[in-house]
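First up is the structure itself, then whatever we jot down about it.
Each chain gets a letter, A, B, C and D, in the order it is written, and its residues are counted from 1.
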Amino acid sequence: MAFDYDFELILKVRDYECDMQGVVNNSVYMNYLEHARHEFLQSVGLDFKELLKQNIVAVVARAELSYKNPLQSGDEFVVRLKAEYSAMKYIFYQDIYRLPDNKLCMKTVITVVTLVNGKLAPASEIVNVIERLRELKNEM
Amino acid sequence: MAFDYDFELILKVRDYECDMQGVVNNSVYMNYLEHARHEFLQSVGLDFKELLKQNIVAVVARAELSYKNPLQSGDEFVVRLKAEYSAMKYIFYQDIYRLPDNKLCMKTVITVVTLVNGKLAPASEIVNVIERLRELKNEM
Amino acid sequence: MAFDYDFELILKVRDYECDMQGVVNNSVYMNYLEHARHEFLQSVGLDFKELLKQNIVAVVARAELSYKNPLQSGDEFVVRLKAEYSAMKYIFYQDIYRLPDNKLCMKTVITVVTLVNGKLAPASEIVNVIERLRELKNEM
Amino acid sequence: MAFDYDFELILKVRDYECDMQGVVNNSVYMNYLEHARHEFLQSVGLDFKELLKQNIVAVVARAELSYKNPLQSGDEFVVRLKAEYSAMKYIFYQDIYRLPDNKLCMKTVITVVTLVNGKLAPASEIVNVIERLRELKNEM
């Protein structure tokens, strides 16, 4: 890995995700990215649905997606993720690599903000997790 | 029309709905059918989201789908709907025809039930609408 | 298992598959079912995309879906499948159970036909696989 | 309009497009944007599927999406589009406004490239259309 990721999720293309061009439709990558973020949250003990119930709503504010190589029917791939927090923004660097050859398929930067009880505010549950991750990596 | 429908909704295939075979993916028809039922409800003054807020949850209990002819990129089509109510079940006969040639693409019977405050029960708002429709048609 | 299935695929609900009601949207089950059929084909050495290239197009002709219990965010589940072939029709009995409690979520019968070079005809590749499966089970 | 758009497409949110948060899921906007681009092509006499048959494959290379305000169940909205061409890249400025209040929901820049017979190359059919549009606007 060129990059020091915090989390990764291995998935496989499903045929219904492919479009007329015979490759995964552009919109489906957003599904992969969202699913990987929610699985990352779960891996650190946070649940998107439970956060919703506590009126903590995580919202994508900005997405920058660079499509490098298309995924196709039958492909296995990995979504790798690194999280940062700064000034009310959670930044997720999420890159997709095809397996087993590790060919880069997509590079993205997803900026998320949280609404706590309807107001833009940091959710300490998420901030703490990300800051601890960053500290742990710096110590190493 | 071979049948005396209560409602119809004209739509157009979107390219992202087509799969590797170059036709609308089987699952997407369920989207068309759901959207047509919700638009039917709106046409008679009922809103799915508002019903949810009143703890009236409409749930599909059974779907019988006969795929006759596939829709393709660029096709316009109409979803036609007839509603009946009997013994706690709302029965929606929903058929899809391609336009402008009216070729039959799909015949379906969708059985819906309602949960009112979490319990299986008829939702009088919906029952009344359907029974009035049936009366009006019988009078004609 | 109440039934003697030929194949099973374990999956997990992804949050983007859930709708306003907070449960997996009805159309998404069709995705699960299709994916399980394609994975079943792969498990017996057949590839949906390769079949397409050989002008063997598998098409759903009929789907009967009984929704028993909704899947929710975070649920793991298994799609179990039994295949039969008779008179130009491939019948897939596909049932979905929530894990780990094995609660039945959905019972379905999916009827598939094949177009070989554009004409309705049996695809011997698929027929042979299913008939061998049935023989093997009968021997036991 | 703050901007001089080339094309617009009016759509309505469908309930199956909304997720657990009760708003349109982030990935669905990519569907809206793709559909608007394909409808724009059709409005100038080009068909995505026909282009594919001629081995002209339009591919999204980059997407920059700024989510401003979420669309909800029942909302009508318009996708507005302005196209530019420069150095092998088709740039689509695509913005989404809720109707009837014209509230800005999303600002995007979508960069598309074309593969002609498998090689990165301009597709003169598309380039000509965009350059004529730009000339026409400049004359005014």
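Keep this in mind: contacts are C-beta pairs under 8 Å (C-beta built on N, C-alpha and C of every residue); 3 or more make two chains touch, one makes a residue touch a chain.
Source: prediction; values computed, not measured.
Peer 1: Between A-C and B-C, name the chain pair that shares the greater number of C-beta pairs in contact.
Peer 2: B-C
Peer 1: Which chain's mean C-alpha position is the greatest distance from subunit D's?
Peer 2: C
Peer 1: Just the number, please: Cα centre separation of subunit C and subunit D in whole Å.
Peer 2: 35
Peer 1: Could you please state the distance in Å, as a whole number, between where the Cα atoms of subunit B are centred and where those of subunit C are centred?
Peer 2: 24
Peer 1: Between subunit A and subunit C, what distance separates the C-alpha centroids? Give it in angstrom.
Peer 2: 30
Peer 1: Pull out every residue in subunit C that's touching 2 or more other chains.
Peer 2: Residue numbers touching two or more other chains: 15-16, 20, 22, 25, 27, 31, 34, 49, 73.
Peer 1: Any idea which subunit B residues touch subunit C in the complex?
Peer 2: 20-21, 25-28, 30-31, 34, 49, 52, 57, 59-67, 70
Peer 1: Under the touch definition given earlier, write down the residues of subunit C that touch subunit D in their complex.
Peer 2: Touching subunit D: residues 15-16, 18-20, 22, 25, 27, 73 of subunit C.
Peer 1: Quick one: in the complex, what on subunit D touches subunit B?
Peer 2: The touching residues are 14-16, 22, 31, 34-35, 38, 42, 47-49, 73-74.
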